[in-house]
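What follows is a pair of complexes built around chain A, which joins chain B in one and chain C in the other.
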Partner chain A sequence: MVDFIQTTIDGLSIGSAYSLIALGFTLVFGVMRRINLSYGPSIMLGAFAGTWIFVTLDAQPWLVAAVTVAGTVAVGVYVERVCFWAIRRDAAIASMVSSFVIWMQLEEVATILLPGRTYPFPELFRTGGVEIGPYFFRMEYVTTLTVAILVLVMLRLLLFKTRFGLALRAVSENPAAAAYMGIRPGRVIFRAFVLASLIGGIAGYLLLAADQQVTPYFGLWATFKGLIAMMLGGMGSIPGAVVGGLILGVIESQTQWYLGNAYKDLSSYLVLFMVLVLRPGGLLGQGIAEREAQAFRRI
Partner chain B sequence: MASRMAGDAMLELSELSKHFDGIRAVDGLSLEVERGEVFGLIGPNGSGKSTTVNLVCGVFPATSGRVLLEGKDLGGLPPHRRLNAGISRTFQNIRLFGELTVWQNLWIARRDAPGEEAGFMRNWFGSSARIREAIEETLVFAGLAGRANDLARNLAFGEQRRLELARAVSARPQLILLDEPAAGMNREEVEDLKQRILALKGSGITVLLVEHVMELVMGVTDRVAVLNFGKLIALGAPGEIQGNMAVREAYLGSPDAEAA
Partner chain C sequence: MAFYFGLLQTIGIHTLLGLSAYVLLLTGQLSLAQVGFFAIGAYVSGILTVIFEYHIVPGLFAGALAGGAFAFLVGFPALRVKGLMLVVATIAFSEIVRLFFFNLNWRVMVNGVEVGPDSTQGFREIRFYAANGWDTFDVVLFIWLFVIVVMAMLWWLDRVRAGATLRAVGADELAAQSSGVNIVAVKVTAMTVGGVIAGLAGGLYAHSATYVDHLTFSVLLATFAVAYPILGGLSSVFGTLIAVIFVQGILIEGMRFLGDWRNILFGLLIIVAMNFRPSGLLDGNVLSRIRRMIGHGKPDGGGRHA
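And now, the complex of A and B:
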């Protein structure tokens, strides 16, 4: 039982970082109904910028964190301009395809910047941990969980109390009506991208600092984790992204503990498959039929 | 029209046409809505009323012709910029932001008055006392004073209709387009709406009312235009329109149909 609880705690900590990545996907999906496959790779390139100043200039960890986040935002803006803004009148699939192409480009940039593939990534606090009774809290996990909760609280305030947050939710709900009410859809989408990149950069830093290393494959990994977590919880749903990330983290750490590392990804795909069969809209997402019905009622 | 001073009209449609795949939804329509009046737009189903509203709001570009607001050509302005130019609207099918509260629906639609454009803090975190006061006033106008903190989707149908109207007013428009606001309303609610439209007029807002419910049209408008097949077939005071043979024909098919 102690094992089970300890593994759950570890899973929730990693899962809180997954939640943040899923939030980035879901915010962008919410305002444009388009998926940004380059989201993970943007975070990866931001992290490469961070590790680059670490290995070449021996920068302080807090500066690495700042550069990682700022780099992710810069790359996120680039992706938004090229894959979304420039082709906003074209089919949604065009954005997805071009975000895949840009993904390849970002990986190339990373390997040109640092050709060695694997680089050290500094943690913010000394490794170690806190022991409470039979449980051990790894310091990185404590940091991850704390920062994730902080980000969630601030995001909640932003989305529910500020005019920008309300505009973002209005565009997610009904883009046409929002435009008639004077809300510029393009501006809201751009800001949603910046916000998503900010959150992604923070999540990326937390995950990589826990691993203490970064490779160009982090982009692929982050996109997968984020998409799975988002689909588990329900696409476009903000609470869904949080719940989906936490569930994914717990499933992974439990399978890893009881069945071994090899089954980790398999079990998360299996759970995603079952959820999508039983509840096609995701756990907290509106069912597709329900969403259609609601749209119809409004007409 | 040459005798009239330029800029006298709030809204001017000039030779406006919109064709969809060869169907002339609006066909060379010219009319002027004067400042401060309640102008009715009626016509049978498919006569081009909704297309006209959509052209004024910038949903799609006109095939030919122009839309002028206070003498300024709106050209190809997108909807969000038409709101800034002073045109707001309600929807035939309610399109509120259901996940936002009543108050937030009004706040988000609010257009700043000149000199009121507060900077970063107000735009992001809160609103000045003056704006809160204005929103309160709008809530009272719409009879929603007690419901400020309820989610819009939890309102009753009639309240949602009133919130639609309040949201359009919150944008501080010069011209407000009401797209079949009485659809689905009972007699009492129509009477209530009539009073609110007259109150809008009283505060100096020009109203373009597209409506099927004749009781409302005849009760509030200063002038009424009748469309059929995308063309203007009659224009005049509500009393004149009621007695107009061409209008009866458009609605009923032929003059004999009424007798039958």
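And now, the complex of A and C:
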């Protein structure tokens, strides 16, 4: 029982970082009904910028974090301009394929920038942890969980207490109606993209600091984890992204503990396949039929 | 010369892979499961020729059948979902297949040598061609025989009722259903045919590469598989072939001199192509112009739009 609870705790901590990545996907999907496959690779490139200043200039961890987030936002803006702003209107497949080829471009840039395979990534605090009863909380997990909760609270305030949040929700509800109300969908989409990149950069930093290393494969990995978490919870739903990320984290850590490392990814894909087939809108998908019809019409 | 034969083999195999996605795209389904069927075909035919020492032809057919069987089984649940959900569900399927082969370890002694899939080390020594004295030219002929047969069948399909039914489902599912088309049957059939073609392509790939491992069957390859027909256009089977030649021959091989920068330019060129020709390189207009040039043109143009 102690094992079970301990793995659940570890799973929830990793899962909270997955939730943040899923939130980035959900925000973009919410306003555009499109999926940005280059989301993970743009986080990876931001992290490479961070590790670059860490390796060459021996920068402080907080500076690395800042550069990671700023780099992710810069790359995110580039992706938005090339794959989404340039291909507007009804060509959703074209923009998804484009975001995929941009992915290859970003990976190539990362390997040109730093030709080695693996680079160190600094942690925010020296390793250690908190012990409560029989349970052990790793310091980086505590940090991840705290930051994730902070980001969630701030996102909630932003979406429900500001004019920008109102505009974003309006565009995600109905872009045409929002445009008639004097909202510029293009600008809201751009800002949502920046916001998603900001959250992604934070999540990327937290995940990489817990691993203490970064490789070019991180892009692929992050895109998959975010997509799975979003799909589990329900596309375009913010609580869904959070719940989906947490569930994914717990499933992964439990199968890793009880069945071994080989089954970790297998089980998460299996769960994803089952959820998509049995409950296509995701676990918390709201207005499933309508959203699905809308997504189908646009792809 | 060997280089061009190698390129011809790659183009042939990728054309088959693209055509397997083409069949599904005709019904409006964007599936990234093709690479999963491709992997199943590669491993099944490789295991048959290496471990059980079959001839390559039954090996390939078994691989194709296995691909088709899995496509049939996956088709029923997966086609309950549409659009983006289908994309992600099929990615999940391909990854499950990839991770299965990543963990598959089946080593046996054949003629004093240990062969078979060796989980993370991959499946080496699929040496049917070399062991039977086929040179690269024979292999090119063998692969293109299958490419031509499959393309001829799909070309013929477009001229009979079944092809019209496929396109009807792709154009408007609801209208097709109202006209009495059984949508589930059509979609599952398209999935199965796609699975057979992908399994065949996988078997051919395994034997011409002589070595496969799980990394080959990544989502990157799955995306290439759907990108070919989308880039080439769905108006004709030849669109896929043209796209494969454009991507493999010109973009990948022709720009090798650019070194590391190739992938960066490669991405941009595809985006430019998608921007200028959103319905593919070979769309209905180009096709009807070509038909008129050959003299088969109908006065109304005769171009069908996907």
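One rule holds for everything that comes next: the second predicted complex is superposed on the first by the 286 of 299 C-alpha atoms of A that agree within 3 Å, B and C clash if a C-alpha of one lies under 4 Å from a C-alpha of the other, contacts with A are read in each partner's own complex, and residues count from 1 in each chain.
Everything below uses one rule, namely that a residue touches a chain if its C-beta (ideal position, glycine included) is under 8 Å from a C-beta of that chain, and two chains touch if they have at least 3 such contacts.
What you are looking at is a predicted structure, and each value in this text was computed from that prediction instead of being measured.
Enquirer: After superposition on the shared chain, which partner residues are touched by A:M1: those of chain B (first), chain C (second), both, or neither?
Expert: neither
Enquirer: Between chain C and chain B, which one touches more residues of chain A when both complexes sit on the common chain A?
Expert: Answer, by number of touched residues of chain A: C.
Enquirer: By the touch definition at the top of the document, which applies to A:P185: first (chain B), second (chain C), both, or neither?
Expert: After superposing on A, A:P185 lies in contact with chain B but is clear of chain C.
Enquirer: Output check: A:A177 vs chain B and chain C. Expected answer is one of first, second, both, neither. What do you get?
Expert: Only chain B is touched by A:A177; chain C is not.
Enquirer: Considering only the touch criterion stated at the top, classify A:I132 as touching first (chain B), second (chain C), both, or neither.
Expert: Touch status of A:I132: no partner.
Enquirer: Considering only touches as defined above, state whether A:A167 meets chain B (first), chain C (second), both or neither.
Expert: Once the two structures are laid over each other on A, A:A167 reaches chain B alone.
Enquirer: For A:V109, is the partner it touches chain B (first), chain C (second), both, or none of the two (neither)?
Expert: Second partner only.
Enquirer: Can you give me the overlap between the chain B contact set and the chain C contact set on chain A?
Expert: The overlap between the chain B and chain C interfaces on chain A comprises residues 298-299.
Enquirer: Touching chain A in the complex: which residues of chain C?
Expert: Against chain A, chain C makes touches at 30, 77-78, 80-85, 87-89, 91-93, 95-96, 99-100, 102-103, 219-220, 223, 226-227, 230, 260-261, 263-264, 266-268, 270-271, 274-275, 278.
Enquirer: Under the touch definition given earlier, write down the residues of chain A that touch chain C in their complex.
Expert: So the residues of chain A touching chain C come out as 35, 82-83, 86-87, 91, 93-94, 96-98, 100-102, 104-105, 107-109, 111-112, 220, 224, 227-228, 231, 235, 262, 265-266, 269-270, 272-273, 276-277, 280, 292, 295-296, 298-299.
Enquirer: Show me the residue ranges of chain A that touch chain B in the complex, using the header's touch definition.
Expert: Its residues touching chain B are 161-164, 166-167, 169-170, 173-174, 176-185, 298-299.
Enquirer: Going by the contact rule set out above, which residues of chain B touch chain A in the complex?
Expert: Of all residues in chain B, those touching chain A are 57, 78-80, 83-84, 88-89, 91, 93-100, 104, 107-109, 111, 123-125, 167, 171.
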